[in-house]
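In this document, chain identifiers A, B, C, D, E and F correspond to the written order of the chains, with residue numbering beginning at 1 in each.
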Amino acid sequence: MSRKAKVMALDVGPPVRLEPDNAAYFAKCNEKLGFVPNVLSAYAFDNAKLRAFILMADDLMLADSGLSKLEREMIAVAVSSVNHCHYCLTSHGAAVRQRAGDPEMGELIAQNYRAADLPPRQKAMLDFAVKLTEQPDKIEEADRQGLRKAGFGDRDIWDIAAVASFYNMSNRLAAAADIRPNRDYHYMTRQGADAETGATAERRQGPAVAPSSEQAAARRRRSRTG
Amino acid sequence: MSRKAKVMALDVGPPVRLEPDNAAYFAKCNEKLGFVPNVLSAYAFDNAKLRAFILMADDLMLADSGLSKLEREMIAVAVSSVNHCHYCLTSHGAAVRQRAGDPEMGELIAQNYRAADLPPRQKAMLDFAVKLTEQPDKIEEADRQGLRKAGFGDRDIWDIAAVASFYNMSNRLAAAADIRPNRDYHYMTRQGADAETGATAERRQGPAVAPSSEQAAARRRRSRTG
Amino acid sequence: MSRKAKVMALDVGPPVRLEPDNAAYFAKCNEKLGFVPNVLSAYAFDNAKLRAFILMADDLMLADSGLSKLEREMIAVAVSSVNHCHYCLTSHGAAVRQRAGDPEMGELIAQNYRAADLPPRQKAMLDFAVKLTEQPDKIEEADRQGLRKAGFGDRDIWDIAAVASFYNMSNRLAAAADIRPNRDYHYMTRQGADAETGATAERRQGPAVAPSSEQAAARRRRSRTG
Amino acid sequence: MSRKAKVMALDVGPPVRLEPDNAAYFAKCNEKLGFVPNVLSAYAFDNAKLRAFILMADDLMLADSGLSKLEREMIAVAVSSVNHCHYCLTSHGAAVRQRAGDPEMGELIAQNYRAADLPPRQKAMLDFAVKLTEQPDKIEEADRQGLRKAGFGDRDIWDIAAVASFYNMSNRLAAAADIRPNRDYHYMTRQGADAETGATAERRQGPAVAPSSEQAAARRRRSRTG
Amino acid sequence: MSRKAKVMALDVGPPVRLEPDNAAYFAKCNEKLGFVPNVLSAYAFDNAKLRAFILMADDLMLADSGLSKLEREMIAVAVSSVNHCHYCLTSHGAAVRQRAGDPEMGELIAQNYRAADLPPRQKAMLDFAVKLTEQPDKIEEADRQGLRKAGFGDRDIWDIAAVASFYNMSNRLAAAADIRPNRDYHYMTRQGADAETGATAERRQGPAVAPSSEQAAARRRRSRTG
Amino acid sequence: MSRKAKVMALDVGPPVRLEPDNAAYFAKCNEKLGFVPNVLSAYAFDNAKLRAFILMADDLMLADSGLSKLEREMIAVAVSSVNHCHYCLTSHGAAVRQRAGDPEMGELIAQNYRAADLPPRQKAMLDFAVKLTEQPDKIEEADRQGLRKAGFGDRDIWDIAAVASFYNMSNRLAAAADIRPNRDYHYMTRQGADAETGATAERRQGPAVAPSSEQAAARRRRSRTG
């Protein structure tokens, strides 16, 4: 693979000195993932831009929601599949494989979610996300009503819309700047779920990396006993 | 006009008590615009989401950049035209009319920027933004190179990409939630530039409303003498 | 605004001497609108072409029909929105604002009619017009049947189809020749309905400008008393 | 073939009594073609609509122009191919076969003009007509400039645009109303040029059927000697 | 018509000596059609490629199936219409005209099958074939279920899919190599069914030319008595 | 993973007794891959159809060609990416990973080949394959000429076209029948090249599995010494 080692195709100057909150976030990435996702490194030329991106991504993917974290990653990947986004398919494909505990599921959503035998709720969720991606001008009340019939509340619909919309943004930024995914993503959670040990499972996480409380607790327990 | 008075089609519950930074921002909107843009009211059910959106929008549209504020608004409107986004065409169309001091320019970009006799730099900028909107998967190095030939640096290209990408997000969120623009936008800067007085010009501003320093200074001067 | 003062980008030679019926029509435009619409000036190099265009446009937009004149203008604008036609969005956008007595309605249809809370009849009408614009080869009996269910007779369906088809023609002619709208259109009916006086309302009319009888009568009454 | 014998799918009521100019045109169709084209019969419920359509079609296809009549028919067919219009492909396909004196050429343009080894002038002409059909919003000065480089004057460009635009209208009207072509069109000029006699060639003509002067003169000569 | 006499635009070298099965197939084409279809001549540079193509085409179009041979040709033409394939529209258009015994039906399917008053079974069949052509990624269980409701068994659905898929292949190969149809196809079965004699009907056949048993029997009877 | 264990969604009846050549091919698949690819199992209801598919796939992917086997797999995957074909992306994605000896390359082509820093020859090859997939009707001599300039001979262009066209067929058949990839494909060649032993590398092969001569020779040597 002859891909240049650069983080992206644009030369926006050297990284700035990170302000404390951003620096802490990078440290947490290194601790939990073993690396800083390249999309964050790409933003590191400007503290304000980096902060806004982190705040939005973390809130969308990790805050409380009627959608599970896996479902939000599924939306990210289904949207990125339509947009053929190399960066997001690689990084969030890894996240779906990990959160689903199923390497094949990640591939399925990245390739064509319609080929996955999804339960009706998740099928409706991805249908909406993909229509919003492909034909945002054609969304009508009937589309929202369809989600309500599939069991989603209006607050959930906001979250489906917000996540799908966010990846329509980041897919395009990654395409425009040619941001390259960290190579590690390619190799994460590639073995069947039953074959993986907790040790390897621990190192996997998408770009929204603020640990949820139970994950952090699990980490503390492990490190005490490990 | 039979449009319901609601801010959007989704019922996500009552607004929360705004935290101080968000509350201050709403106050500034009221002071400068005379109202809070409905996209912010839509987000007001959750302080974290509202903050992330404000930080990102304000940084993109008002921070230092090789792109003028008018150029960033032109990108917002050209992208929103492709996506047929009622909310953003209304609010950012008003912003282009105001920042250009030219009501016709706002209409032109909202309808079809190719019909505007734009200088080559701005034509190249909008061509890139629209390709990124319509075919993000087809962006290649040649597209970035085209912007460089039109005089943009890599740091400018990031900004073009970031603004175009952001409106691909907010267009979709507005479509999914059916966020309705404040009616005031429709009536802003509709008269020819020469017919407008400073008094009316002062009240117009897009949704990214943190005043830049020179605007704030101008405001102080005016209020002292006014 | 740096738009050249020319009527269009093509140089098709000087206008011919208008034959009496065409000259009378231009006079009526000047009387009622205060100007000759540029699409007519563009056609003025040839009396036969000008006559055919005027006859067809006037019949479609002003003759007796099961569709109101506002509805026909809504179709013109919805079709022109799909085609991003600067000329027609400007001139017929003005016509919708005027005929609806509602500046916001004109903007809504020009931006995305799906965001307008239209009654089912008008929603079905524009859905058909837009499908006919985007996918004429996919129109089937079920589409006609849908209009019948929405309350339209076959004679109305012809009119919906004929108006939508006509603007698919004139949008393309305007795009190919880069016909520029008269600047006056931009400023017509921009204030709220309640703010406008009869005096200003009188000067507004789309490009199909043969006065309907009741309008002519109203004009006569006004000029007698005025 | 189970196609109903009706002229179209819409029931717009019985034909009106034709006014003299329209009646004369129908008589001429019967004399020259042996039938009245169904698109005219479809319009025959209203004299004003019929007249406007005849005037425009005849002027576009038969009036003096820098484009030959065959070239205008080629545009009609290339546009109708994009729009998959059964009516226009049948009737104007017949016209191309007849005017080219080449049955294969009619098929080629109806199927895909890019497979015909057209001279550069005609290739440029159809490329423009098809772009105008598919992406009217993307037409730019460079497209007009391309036609000028291929040898067209601005007056010719108007005609290319006007003919292509007209068939974007009539394709859609035919689709919306499901106007069915007269069966005779299918069988016109199907044999190789060398195999046809003047007697059969005389009966072929597209829907724009006012005879040009030299055709009329030829007809007079033939009928005197015949 | 200035089309070069070459079989295709690619120069892949001279034909190889045909191996016996391929040579026998070419002989049969000459006997039954009067010529070797150009797509086979195009493949004649390589016996293995030619054999695979013949085996697949013949099996799909002539083997036992729940679909009639006419229905399979209708699929070929409907798919080729979407892809605007000059070669396949010409050769399989001829086949539909011949197998249907109806010159107009061939034109209808080549132009727009939606304009043909097809029975629901065939309408559903072509709707599926066209969706599979235009949006293969959007096919879902509901599409298969629709075919089952229209009366097709799963084995029939396989055949519909296989034929539609095959022409999506051969359309593209013909486009990429610019394979030109034999001129004879243009003139086959152009007269109304009642006007044709058995003698002319005998010479018509699509590119899949292994005679079915009843056709061969008919041929034997005719040659004995002829 | 809740995917049903069935080979595809269509129930076309039980497999037939395989004729000797087909049976031998299945045996070879089992020997070399460890399983029979599901697309072949799907075809196993009919010997003739199975044979034609095997002959064509094997010839295209394994016969002598100016294109390397890796390049042919790259075309397969790039085409399948446009068509979002789950089956082919999984099976041929595995083949690219294996033939390239580079797990990341397989992902790149499956996601968006434009993000891979391909040499100009391969970039031109995939650009052509993708245009042929998306817009077969728009292919012109200039496209072939572009491949010639990139160093391809006409015979190579045939192979590029034939492989791209074949996967436009098999993508659609897989979509229509919902053929599911063997699970093993997901796990093939997922580790970095340097980490893999010959033992694991030996078991990987795409669905076109007739061993080329040097591979067979290598296998013989290994089994003798192994």
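Going forward, a residue touches a chain if its C-beta (ideal position, glycine included) is under 8 Å from a C-beta of that chain, and two chains touch if they have at least 3 such contacts.
All figures in this text were calculated on a predicted structure; none of them were measured in a lab.
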**Prompt:** Under the touch criterion given at the top, what is the topological distance in steps from chain A to chain F?
**Reply:** 1
**Message:** Spelling it out: a chain qualifies if it touches chain B and also touches chain C; which chains qualify?
**Reply:** A, D
**Asked** In terms of CA centroid distance, which chain is the most far removed from chain A?
**Response** D
**Classification of the chain E:chain F interface as same or different, half of numbers criterion** = same
**Prompt:** So how far apart, in whole Å, are chain A and chain E when each is placed at the average of its C-alpha atoms?
**Reply:** 47
**Complete:** chain A and chain B have mean C-alpha positions lying a whole-number Å distance apart equal to 27
**Request:** Among the residues of chain D, pick out those that touch two or more other chains and give their numbers.
**Result:** 84-85, 112, 137, 139, 178
**Asked** Which chain pairs here would you call touching?
**Response** A-B, A-C, A-E, A-F, B-C, B-D, B-F, C-D, C-E, D-E, D-F, E-F
**Prompt:** Across the complex, what residues on chain D touch chain C?
**Reply:** 9-13, 45, 48-49, 51-53, 55-56, 59, 63, 83-85, 128, 132-133, 136-137, 139, 141, 144, 154-155, 157-158, 160-162, 164-166, 168-173, 175-178
**Request:** Over in the complex, which chain B residues touch chain F? Could you list them?
**Result:** 137-140
**Request:** Please name which positions on chain D make contact with chain E in the complex.
**Result:** 1-4, 81, 84-87, 89-90, 102-105, 107-108, 110-112, 115-117, 178, 180, 183, 186-187, 190-192
**Complete:** Given the complex, residues on chain A that touch chain E span 112, 114
